[in-house]
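Here the structure is laid out as structure tokens; the discussion comes afterwards.
By written order: A, B, C and D. Residues from 1 in each chain.
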Amino acid sequence: MSRTVTDVICPFCGTLCDDIEVVVSDDGRKLHEVYNACAIGAEKFLHSQAKDRITRPRMRQDDGSWKEITYDEAIDYTARILVNAKKPLMYGWSSTNCEAQAIGSEIGEVVGAVVDNTATVCHGTSLIAVQDIGIPSCTLGEVKNRADRILFWGCNPAHAHPRHMSRYSIFPRGFFTGKGHTARKVIVVDPRPTDTANVADIHLQVEQGRDYELFDAFRVAFKGEQLPDFVAGIPKEKIYEAAEMLKSGRFVIIFFGMGVTQSLGKNHNIDAAIAVTRDLNEYTKAAIMPMRGHYNVTGSGQVWGWLFGFPYAVDLSRGFARYNPGETTANDLLRRDEVDAVLVIASDPGAHFPFSSVRKIYELPSVAIDPHETPTTEVCKVHVPVAFVGVEVGGCAYRMDNVPIETRKVVEPPDGMMTDEEFLRRVLERIKELQGV
Amino acid sequence: METVTLTMKNQPDLYLEADNITPDAFAGKKVEEIADLHVYVGREQHRLGEFFEVSGRAGATPETTKIVINGDLSRVKYIGMKMTGGEIVVNSDLDMYVGAWMQGGRITVNGNVDSFAGTGMKGGELIINGNAGNYLGAAYRGDWRGMSGGKIIVSGNAGSDIGTFMTGGEIIIGGDVDVHVATHAEGGRIVIKGNAKSRLGGQMVEGEIYVFGTIDLMMPGFAYRQDVDIDMDGIKGRFALYEGDLGERHRKRKGQTIYGKIYQLIEA
Amino acid sequence: MAEYLIKNGFVFDPVIGIRGDIADIAIKDCKFVETSEVKDPKVIDAAGKTVMAGGVDVHAHVAGPKVNVGRNFRPEDKLFTYKPRSGVERMQGGFSVPTTIRTGYNYARMGYTTVMEAAMPPLYARHTHEEIRDTPILDQGAYPVFGNNWFVLEYLRNDEIENTAAYVAWLLRATKGYAVKVVNPGGTEAWGWGLNCENIHDPVPYFNITPAQIVKGLIEANEYLGLPHSMHIHANNLGNPGNYTTTLDTFRLSEGIRPRSKFGRDQVMHHTHVQFHSYGGDSWANFESKAPEIIDYVNSHDNITIDLGAVTLDETTTMTADGPFEHHLTELNHLKWANTDVELETGSGVVPYIYSPSIKVCAIQWCIGLELALLAKDPMRVFLSTDHPNAGPFTRYPRIMKWLMSEEARNQQIDSFKYRDKVIDATNLAGIDRELDLYEIAQMTRAGPAKALGLSQIYGGLAPGLDADVAVYDFNPNEPYAPDDIETAFSSAEHLFKTGVQVIRDHEIVSNGNKRTLWVNAKVNENPQVMRDVREKFLRYYTVTLNNYEVSGHYLPNPYVIEVDATQ
Amino acid sequence: MAIRVNLITGRTIQQGVSMEAGKEKPAYTAACGIIELDPTDFRKLGAFRGTNVRVTSDYGSVVVKAVEATQGPHPGIAFIPMGPWANMVVNPNTYSTGMPTFKGTPVTVEVARNEPVLNSLELVRKGCRGELAS
């Protein structure tokens, strides 16, 4: 027999869909089927059931092989590398719950670590821009209920946030938007004609890496000033047309992604995008929102915000918190040999950092806490498998619009497996023992 | 002027944070007291004397104190941070934050410096006989009050993001610069004697940029106005004047709108 | 539990009615008791010092989404002001928007033990409670905002008080909220379209209702339920020259309504940060104080309480659920602007602001805040606040006390203004010689707010039976002192007990306390219509499901639930 | 033959699904150990679809399988899904922002018919141990 758990939260992307239905065995030990989720989300739930899953910590041996160790040994190893380091890096945090993030923060304080999350390779540059110019934004329901102009810039929700367009942005019918997509105009700016661009009214195929110039051109167009004939490969007539389409809306929303945060200009691209949004508020109502990737990267920034005052890249080494991307960010720290031990949790820098940074992790004392086997676990000295947050343990997560939602436990983890929170709590206890406090 | 000489004798395992190496911290102290000042490596606190030989004597005030530093300081941060007077001469490359938030005095670096030199600078002189990294004379993150006074002179090249949120003072680059110059600036002057890439004056409200060499790509928000002849403060020749950023809001003074200005040399 | 005896202090307590006489205060089992009831107490020698109940802040923005926006988007607010960890203290950062840890410690340092978060967007209630959980020492509650909520707009459009009340009760339970907060009624919904409601009769777009109807309806719903606190309002038209008429119009909506609450309060409307609502003139050029007109009304109507929102002349961070106001502000000062509109419920904005003594308007605002306090006839109804951090950080309360207690200190400040004479012309402060005493300060910071919150059964005084929240300050009111001595003494309590636990000893924080989260559980008759409407709105318009909305209990590890029975 | 193209990276739904199914599995290599090229660039390269190619930048080199652009046309732009293959060659310069330049790296693409596409774990392991051919 089986039963269906409803209102389940999908722990994949920042869309944080909360209408998933999961069919589990009566004893809650097996997960059979997943409904309503996108292909990626469904896979995430189902992968927890993999037969070949690693369920015990393991340590890399001198000959390159793995040796299974106990959780106690893994806790001791983790505590020791953090205590012995002068400046450890504790990186990741985006695929775990706020409860684990809070304990990790305390560990960071106690050992004088630098804590950084995956925003560092995702929307960190957006956060820098927000610090420079602010951000007029809204919740996703405002988009659903009011928006009639939708601009996707450097993002491709058709692939990265598969249910975004149907739940929140292009298609839903809301309070003031009863006609759904037929009453909305959609603009996509992307150097490729992506699957998202295919559903747009206007696609501006921007020259790669020239987004900053194009944003600036929009602002010039709003003010009715003259533009050069082409900006970023786009003829000025098309820019004026798109600018007019935005100004004539009742509620404009701009979504942006890695296409602008990771291209030349980075924070400046976002700064200019936010300036475009500010400008639009002179004429109509406009908001802007980053398409956050990991389902709880936002939460990590919130937890550190209230504990330290900074959303990522927080250097706690001198007993107080400092922040300066370019110095306290994971890739700069690794590249510059600023850290002497690495703890990775709930993320995969091995796959998602430039390889020059990955090699630095390999050279340092390191531990990876992750349910999966990944390139990161491959290069770290110790791998600690844990329960899947949002599947095998609940906890708080923050959606891309900063709305906090409590994820649900739907199935039991394999016997004897720890959660992130339990493991970190034990590490903190062990650190305090080692420090004699 | 009294001189204290520091000679680096031991390298840190990681980086050395030496915000205490300023005339302000040294003034009125004996050599032994200077050697007892704190420096940091990660979370560990050390004595300055563990890394440097200290000799000479400090003046009674910052203004009468000169610090000369020798050895390899390429992994030392925060030299001259917040200094208000006196002088520092470094005969080495330096890491980040040299002269950050400095208010007065002079720092001369005979070597290259890494990023964030002259962050939030208010006054004094920062002379770099070498190349500078990114964010030279820029604001600290989130602050809308960037470099507001003083002068930075770089003989070589500089990186990206020079003079972000600059409100006053002057930055002179002998060589080339990378992208993003004077972003959000509301004053000040930047002189680039070599070539520039793109994104000069993005979101600039006020201030001046002079470029003697080439500009890869002008911002669409800057419009050509006219050619002008200039001869002042060592800037001489016929320049093409561009005004912008037209996308920004601009103040008016005496009925006239004030723009950010980019001057590009046409002929010397 | 340990017993304590605080001996020989100069005690100021409006609850007992003691005005600086020397007395002993006894603590046993978390509460104050008669001195005869303690057998073997630890003795605190308070001779020559001032003893008061723990402070109660009725209105501050200290936890939740917009506060965290303020933290995260202002790294420069933390530059060079960080306090390293030491002893039991964790690291603490931020000046105008401190981290939760610093918030708890700094309130405690001032002798405060209870602080209410003034605006909780219901959809973000979980976030607010996470921050409250991580704020040490303080007892806290949070006010969910109702003034732009679609349920409320639709019910009150048809004068459906009972349905409104049932919805209020449901939302208080779902969000674990404490009171009914109203911010720019109707105006923030209008801001969903970039518009505003600038007076109480300005209709809300599409909803066919006026701010006046919203305010009056929520007062009536609040009294229908008999909640501990009254409706708590930030009126329309905040911050604009000439807005005092809107404020008076808003006050008048309470006329003829008496409290229907068994929690001991006398008011049916608490109007917050009234300084921002007491402006005359019709432009920034002829901007002037209308504090006398405002406070006259308050003085003569005992069903209203207010707090000051006093300007402290600092660089700070403004933050409010009044979305259109923050947009207006960023247009004025061109500094960074964050805004979040919240589906079906509310909105918010955040903008840094510098109250410069060299700017005439800022100096006038400073005068207005103090005038309100000094012209008040009943300090039990006029509370000290800065609308933290809007008019200034809460850490300036001791400085405000100094200004209120010393004409000399006020005159020093006035004389230093760049536009001194113009400021004097536009205000009344220079002619006021009143100096508040510590008894009145205790009314404005302890007994008064506790009573208005409906919490005089646990907070606000030193009477036996009340929770043992008490501060000892190194201040002798009977010796000569300089004005700055007041600020120094009240910035750093020598001892502080919170619910009987000593959290400060010899000016040092020695414990993270036993903080509680207060919320109100109001029971009403079953209301199938409201529950049907709730299900419908979640199905069609919200982006979270109804089953994922309610804040579950574990976010409040140490709850203090106030039960209200409104079934009838 | 070798061509010069501008490399960008990013998510694809296949990358997301196969990542959640296990990065050690062949499906992940099939989804991410590829480079999407425009048909015109294929012509210039003189290669068939499905040929292994070596992609080289100033920062490194990696062998992936060349496939036709699924979201094109985009002549002159090449796309490798985010992952360890792309990260062997992307520009790690952060311009002091913390963010490597994942998008907009000039690369050379040349046919490498006989060189294998390694799986993700092999790739980083061999890379760390200095065992990769270049």
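Just so it is clear, a contact is a pair of C-beta atoms (placed from the backbone, for glycine too) under 8 Å apart; a residue touches a chain by one contact, two chains touch by 3 or more.
Since the structure is predicted, the reported quantities are computational estimates derived from the model, not experimental observations.
Student: Please flag the chain sitting at the greatest distance from chain D, going by CA centroids.
Tutor: Chain C.
Student: Looking at mean CA positions, which chain is nearest the middle of everything shown?
Tutor: A
Student: Just the number, please: Cα centre separation of chain C and chain D in whole Å.
Tutor: Their C-alpha centroids are separated by 57 Å.
Student: Could you work out how far the Cα centre of chain A sits from that of chain B, in whole Å?
Tutor: 34
Student: Quick one: chain A and chain D, Cα centre-to-centre, how many Å?
Tutor: Spacing between the chain centres: roughly 22 Å.
Student: Tell me, which residues of chain B touch at least two other chains?
Tutor: In chain B, the residues touching two or more other chains are 115-116, 134-135, 140-142, 144, 179.
Student: Residues of chain C that contact two or more other chains, please.
Tutor: If we look for residues of chain C contacting two or more partner chains, we find 73-75, 77, 335-336.
Student: What are the residues of chain A that contact at least two other chains?
Tutor: Only 128, 131-132, 264, 318-319, 323, 325-327 qualify.
Student: What topology does the chain contact graph adopt: line, ring, star, complete, or other?
Tutor: Topology of touching chains reads as other, fitting no named class.
Student: Who touches whom among the chains?
Tutor: Every touching chain pair, ordered by label, is A-B, A-C, A-D, B-C, B-D.
Student: For chain C, which residues count as touching chain B in their complex?
Tutor: 73-77, 79, 334-336
Student: Tell me, which parts of chain A touch chain C in their complex?
Tutor: Answer in residue numbers: 6-7, 9, 18-19, 98, 102, 106, 109, 127, 130-142, 144-146, 167-168, 174-176, 250-251, 278, 281, 284-285, 287, 301-303, 305-311, 316, 318-323, 396, 398, 401-406.
Student: Where on chain A does chain D make contact in their complex?
Tutor: 12, 38-40, 43-44, 47, 50, 120-121, 124-125, 128, 156, 158-160, 162, 191-195, 197, 205, 208-209, 258-259, 261-264, 266-267, 293, 313, 325-332, 335, 348, 350-359, 362, 372-375, 378-379
Student: Which stretch or stretches of chain B touch chain D in the complex?
Tutor: It is residues 115-116, 133-135, 159-161, 178-179 of chain B that touch chain D.
Student: For chain D, which residues count as touching chain A in their complex?
Tutor: 6, 8-13, 16-17, 19-24, 59-60, 69, 71-74, 77, 79, 82-84, 87-88, 90-92, 94-104, 120-121, 123-125, 127-128
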